[in-house]
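Shared chain: subunit A. Partners: subunit B in the first complex, subunit C in the second.
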Partner chain A sequence: MRVLSLVLILLTSLFFTGIIIRTKSILSGRKGPGIMQPMKDILRSLRKSSVFSETTSLIFQLAPTVYLATILMAILFIPFGNDKGVISFNGDFVFFAYVLALGKFFMIIAALDTGSSFEGMGASREALYSMLVEPAFFILMGSFALLTGYTSFAGIFGALHFGSYISYGIGILASFVFITIALIENSRLPVDDPKTHLELTMVHEVMILDNSGFDLGLILYATNLKFAMYGAIIANFFLTPGYEWYYSIPIFTAVQLVFAVIVGTIESFSARFRMNHNPQFILMFTSISLLIFLGVLLMTGKII
Partner chain B sequence: MGFIISIITIFFLLAVSLVKSEHKATLAVLGTICSAAASSWDAIWVLSGNIYEEAINGGLVFGNITLRSDGLSAWFILLTNFTAITAILYGKQYLKHYQSSSASLTLHFGSYLLNHFALTGIYFIQNALAFLCLWEIMALSVFIMVIFEHGRMETLKAGINYLIQSHISIIFLTLGFIWVYTSTGSFEFSAIRDYCFAAGKEPSLLLFLVFFIGFAIKAGFVPFHTWLPHAHPAAPSHVSGLMSGVIIKSGIYGILRMLLLMPENHLVIGYLILLISIVSSVYGVLLATIQHNMKRLLAYHSIENIGIIGIGIGVGAIGSGLHMPYLALAGYTGALLHSLNHSLFKSLLFFTSGTVYTATHTLSIDRLGGLIRRMPHTSLLFLLAALAICGLPPFNGFISEFLIYSGLFNAIGSGQTSSVVVLAVVALALTGGLALMCFTKAFGIIFLGVNRTGKITLIHEAGPAMLFPKYLTASLIVAIGLLPQLFIGILQNPAGLFTSTGVSPEYASLVSLMQKVSLALTGLVLLILLLYLVRKTAMRRRDLVTGPTWGCGYKNSSPRLQYTASSFVRPFAVLVKPWITMSRTKAEIRTIIPQPLHDETHFYDKLENTLVDWPVRNLKGFLGKFKFLQNGSVQFYVLYGVVFIAISIAIPLIINVIQYLSHLIKQL
Partner chain C sequence: MNAIPIKNNQSVRLCDIPVLSYEEFMELNTGIAGDVYCHCVNYFGMPLGDELRLFCCMADDSSGNILVSSAFIGKDSKNKYPSFTARQLAFHVFERELHENFGIRYTDHPWLKPLRYPDNRADLLAEIKNYPFYQIESEELHEVGVGPIHAGIIEPGHFRFICNGEQILHLEIQLGYQHRGVEQLFVEKETVLQKNILAEHIAGDTVIGHTTAFAGLWESLCGFSAGEDILFARTIASELERIAIHTGDLSAICTDIAYQLGSSVFGRLRTPVINTFQQWCGNRLAKGLVRAGRNPYPLTASLGDDLNRLFDAYEPDLNEMYQRMKTLPSVLARLERTGTITRDQVEQIGAVGTTARTSGLLRDIRWTHPYLYYGHIPHQPIVKHHGDVYSRTQIRKQEIIQSIRYIRKLVAEMPAKEFPVSGLKTAAADTFVLSLTEGWRGEICHCGITNGSGDLVYYKIKDPSLHNWLALALAVRNNDISDFPICNKSFNLSYCGHDL
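Let's turn to the complex of A and B:
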């Protein structure tokens, strides 16, 4: 059953952005598009032909493919409760983070490949934010390694159990940090607004200004996948081991749904930060994850 | 063995100085290959489980010199030889334009051979006195290679800076060896171990610190790093590649050798090295990110990578201190493999930037752009090395960083180490992120977009002879990335030296872990290829249109409107402002019709400012007060002599008088 998480994440990715958009439209009192509309847009993009800038080179054509491939690769590591992911070994979350970084690397250089100053701006911001968000993830995984004594996704999520009040606190804080990491990595509010119309205030959107047709479709789908992937990680906090699949699959679906609704709600009620406030905001999560680490140290009594 | 290598070196040294200038390079290549072949033969024999030991008579001064190579020496000899050969192959082409200056070429290639000899010797020799001699030969030969373009003031300054700092390193090493000699009466390395057993914990820790400072200056740990960013850009590119890839590794070797010789205190030493390395890695990459000069950027990255290697050594030492074999193995294996990996991708980066320099005559990133069209091979090689240095899969940098991460998380998971270890994880993660920022900037601005000077048609790709050594290095980078288990297998011998258990179940688990990683990496490559194939078939029947880059409605876009390296890192530079010194000359528009303006921003190392520049400035100021003494007229100098003699006679007299007087007063 190792492919279960892969299949479920692929399925979720079809609806995820749709749910976000639907939430936003309901909250703002509009009727809004159907849940499948983002997927339809992606399919339409995939069927279209492309326009390439004269400035671009092979890098620009390669980048969307690499981006999608790295995200698919990362998904293979995500376990499902007791079931391991397709690939699992000690330290697999390091592989997970670095393989995502590979995709980011290519997207950033592809943006610079166009020679546009707008896309350079987006690339610069993306590089900065992803650099700042990296430590939070690693500290979090370090805390779980300390808590459970395992160093792989499957080991950690398999051994995670809620015993004391501190562990509940840690679980909630960790989910919170993961939701924010997902928001930052997917360039959503409050760090980046996907619906903004001014190129100067964009981060991710401005990087892909010159992508069109099939490549744009790949990038858009990759974003959906990324959301579903982070949703699956968060769901794993709640898939306590021992549950049968007819419990865990509904829990998984519910967590993904709640996650999408939360994202939609945040986007409805908050505004984007000023660009120069973003680093502080992101660094805050490094300190929250350090707090989690300290909490775990307290719990396990291993302060040396 | 030592005899054969010496004969080879002397023969080729003579040959290089005697032949015509167009053949010098070929002879240097031959000489390097011959001596590399001799030492590699021995190293491979050692790595297959043997131990080489030989004693040569060094005459009255040295006594018996022991030549000995174990797994550690063999590993460093192999990595030195590989980069030494690729560097000289590349250097042969790189220095083609300088054929008219026969004397400098002789000096350059002569010191190259001598330097290779000294480096090999350092890894063999177990006698402190001979070791110091070779260390000095290495320092001097590198100095001569660095100042190849001695016509330029900056180059000379950087060279002298290097020369002074490497002698500070030698002072510390000499101090350490004399310390051991005075209490044991022997210059053999084994005396260090005897001393440590006899002297107990605290003195041997102090002794280690003395050696550590000596070797850390060579390796470039912060705060001993200040020579590095000056010397690397000043040297010719192949020498920069050799220095960054191989020569600073001799410092790493020294630290590892001392760890082997001093089995005490590993836990304390481990934490110490870990802390210094955390600072080195983050500080190095922080400064690298904001550089505009291509080679200086790479030089700062060397500091970062030395920090990563140091984190590995620290984890290893903590592991051997706590008797946790897996930790020790993961740490040391990671550090040793990263030493090799860094020597590969860093030399490749220096070679490619050298090629860019010969093609464009500038090292300033902001003046380049769009080179991928004119130099596809160089661009590809640079991209590959950049991905590897960022530690991204599926290349070799990822493997060694993964090993170090694995050690760190294992340490955290075991719950027996201090929570400082989590700082190392933060440092590695930050370093990875910053390296990504730095190399997307470097690759994106240098090779992509449109050329910023508009002279793109004058730029040509390097010839196949120049590309060959680079592709050789690149192929090894890919090989380590995709088949790490093979190289981990080779490392079993050197890393096993640090754990008493030898071949252990931990090693088997490490190898099987690497097999899984290798499988995952191959999967990643296949997935990318598969998706690209899908994309290609999907795109086949579409009509592809090309047009200008979308300028958001603005039509008259010019290359100068592109994002520059400085603008790319600006948000970051603002963030780290407290830790760097930024000097900016800003011109303001004053007239109604604006004239061409010149705006310059330079970043400077704050630590260098406080640790080196400030004391030197003050010392200069103080000593400057005595300048009047050196006024150039002979009469004064004679007077100084007379005054000196008078004082040296007078002082005893005065002392006598005082003694007499005090005696008198007492009697009264």
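Let's turn to the complex of A and C:
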């Protein structure tokens, strides 16, 4: 059953953005488009051919495919409760992080490849935020590795809940960090605004201004996948090993649904941050990760 | 006195306007401009054969007069003239226009940047596509060019930023893509109706502002005194337009900071306001509502009731939404201390309207040179002092509330009886006339000059955006480039009002 998590993540990715958009519509008093509308838009893009600017090179054409491939690759590592992911080895969370970084690297150099001053700005912002968010992820995963004694996703999540109930408390804190990591990595509010039409304030959107047709479809779908992937990681904090699939799958679905609704709610009731406040905000999650690290040190008796 | 004082909407015979030598003319007008209570509402040249007759209209806010003076200069490019701008910066845009249209050369004008590239400009070789932008040579700085095609649906304009990383050092704005030759068309079109419709299309978002200015001007030329019903209808329409556009702006400001709730609630509130115009005159932008010399859509008692009902529903929602917005930290963090422009700056560049009033400079035609029914309301302008995006948001909300109060008051006092319709006579011959109105954006100035047979020979329009675009360029300095859209939206200046 190693493919179970892959299948579930692929399924969730079809609905995720739709649920966010629907939440936002309802909260602002509108009916809103159907849940499947974002997927229909992506399918429409996928049926079109791409137009390439004359100033771009092969890199620009490669990047969207590499980006999607790295995210699919990263998803293969996500376990589902007791079931390991398709691939699993010691230290795989490090590999996971840098596979994602590889995709991002390609997107950044592709943006630079267009030679547009907007896209250069967007690329520089995206690079900065990804760099700042990295310590939060590693301190968090490192803490769990220390707590459980395993260094693979499957090992960590398999062993997480055999101790005390404190692990659920840590799970909630960790979910909080992961939700914001997902928001930052997917360029959503409060760091970026996916709906804006103003190139000067964009982060991620401005990098893909030159992409069109099939390539744009790939990038947009990759965003959906990324959300579902982070949702699956968060769900893993609450999937207690040993439970049967008829408990696990509803828990997984509920967590993904709550996650999407939370994203939609945040985007409805707050304004986006001023660009130069973003680094502070992102670094805050590194400090929350450090709190979790401290908690783990206390639990394992490494200090005191 | 070397200038003739006139009131708003007052005609004066051309021969009564004093003609000075250029030196006297310059001394006089730059001297007047040195007084903070005076500012230039229009300065232009009318070609007469080989010569150019310059007219300068200075509004004196303390007396409510407009001081008009004139001078002749040669149109040939042999002579160079000292510039007003070197003495008072606020004249820069008028002298750039004179230079562009007639090739007038100045000895000490700091920057004769072309204004709008009209087809009949003096130097036809200068084209908008090869305009040399201001540059700073540096390895560390980068340039970002935005436009002229806009990412959304608004008008064209080119913005060239010079940035140090994310920080804007300098912004240069190049407009002119929308130039349609409106002023020329005013002279060419023969009937009053054509001119009237033209006035509606100077700037699509200030239909009432510009048509009231035109109607006031034309009625003054024809010696027509508008009846009370016309004054009431136009005053109410002006304030209703202010409410509609200000509400739309609040929504747009929320959109730009990605505050969805504010964006959709203010957007919803704007709709019934413009729908009232639809109900009143059949057009949501109030096109057709104001006609010189008549009142095609009388304000009925039932429409008055509708307005009251509209505001009964509108006002609590606006207050609730605004209250929520101004107590939300994430909104305030974006608005406060963003895009600040100081009082010194607005005074120097001669900013008008809400832009001037948010930096503590009181410029409001409704107060200083009352027209329509404003002398009786009585109007008290709202002034803010911080000059940032938040001030420009606050003034919008407060002006909306003020306008609602005025409309309610006017509806209550509305004359019930019918007024007799008297047609327009022909326009007076050899006459100069000036009309000032306070559109929602600020002061609008229309000037008209007729010839011996009473035909319009020269028409000059000044939209508030003409001066205020420079305020935007100054306000964004040292701000993040990502804050430019919100600064731009908070000014909400007109492209076509500038380009004409």
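Just so we're on the same page, the second predicted complex is superposed on the first by the 295 of 304 C-alpha atoms of A that agree within 3 Å, B and C clash if a C-alpha of one lies under 4 Å from a C-alpha of the other, contacts with A are read in each partner's own complex, and residues count from 1 in each chain.
Definition applied: contacts are C-beta pairs under 8 Å (C-beta built on N, C-alpha and C of every residue); 3 or more make two chains touch, one makes a residue touch a chain.
Predicted model, so just to flag it, every value in this text is computed and none were measured.
Engineer: Of the two partner chains, subunit B (first) and subunit C (second), which one does A:Phe118 touch, if any: first, second, both, or neither?
Structural biologist: Both partners, subunit B and subunit C.
Engineer: Going by the contact rule set out at the top, does A:Asp210 touch subunit B (first), subunit C (second), both, or neither?
Structural biologist: So A:Asp210 only meets subunit B here.
Engineer: Which partner, subunit B or subunit C, touches the larger number of subunit A residues?
Structural biologist: More residues of subunit A are touched by B.
Engineer: Of the two partner chains, subunit B (first) and subunit C (second), which one does A:Lys31 touch, if any: first, second, both, or neither?
Structural biologist: So A:Lys31 meets neither subunit B nor subunit C here.
Engineer: Just checking: does A:His277 make contact with subunit B only, subunit C only, both, or neither of them? Give me first, second, both or neither.
Structural biologist: second
Engineer: Name the contact category of A:Phe269: first (subunit B only), second (subunit C only), both, or neither.
Structural biologist: In the superposition, A:Phe269 contacts subunit C only.
Engineer: Per the contact definition in the header, classify A:Asp193: touching subunit B only (first), subunit C only (second), both, or neither.
Structural biologist: Once the two structures are laid over each other on A, A:Asp193 reaches subunit C alone.
Engineer: Identify the partner contact of A:Thr201: answer first if only subunit B is touched, second if only subunit C is, both if each is, neither if none is.
Structural biologist: After superposing on A, A:Thr201 lies in contact with subunit C but is clear of subunit B.
Engineer: So which bits of subunit A does subunit B touch that subunit C touches too?
Structural biologist: 117-118, 120-121, 199, 275-276
Engineer: What residues on subunit C touch subunit A, complex-wise?
Structural biologist: 142-146, 151-152, 166, 254, 256-261, 263-265, 268, 328, 330-331, 333-334, 338, 480-486
Engineer: What residues of subunit B sit close enough to touch subunit A in their complex?
Structural biologist: Spelled out, the residues of subunit B in touch with subunit A are 369-370, 372-373, 383, 387, 390-393, 398, 401-402, 405-406, 408-410, 412-419, 422, 425-426, 428-430, 432-434, 436-437, 439-441, 443-445, 448-450, 513, 516-517, 519-520, 523-524, 527-528, 530-532, 535, 538-539, 542-552, 557, 559, 561-563, 567-572, 574-575.
Engineer: Which bits of subunit A are touching subunit B when the two form their complex?
Structural biologist: Listed in rising order, the residues are 46, 48-59, 62, 64-66, 68-70, 72-73, 76, 87, 89-91, 94-95, 97-99, 101-102, 104-105, 108-109, 111-121, 123-125, 127-128, 130-132, 134-135, 137-139, 141-142, 145-146, 148-151, 199, 209-210, 213-215, 218, 275-276, 279, 286, 293, 297, 300, 302-304.
Engineer: If you look only at subunit A, which of its residues touch subunit C in the complex?
Structural biologist: Touching subunit C from subunit A are residues 24, 27-30, 117-118, 120-121, 189-190, 193, 195-201, 267-277.
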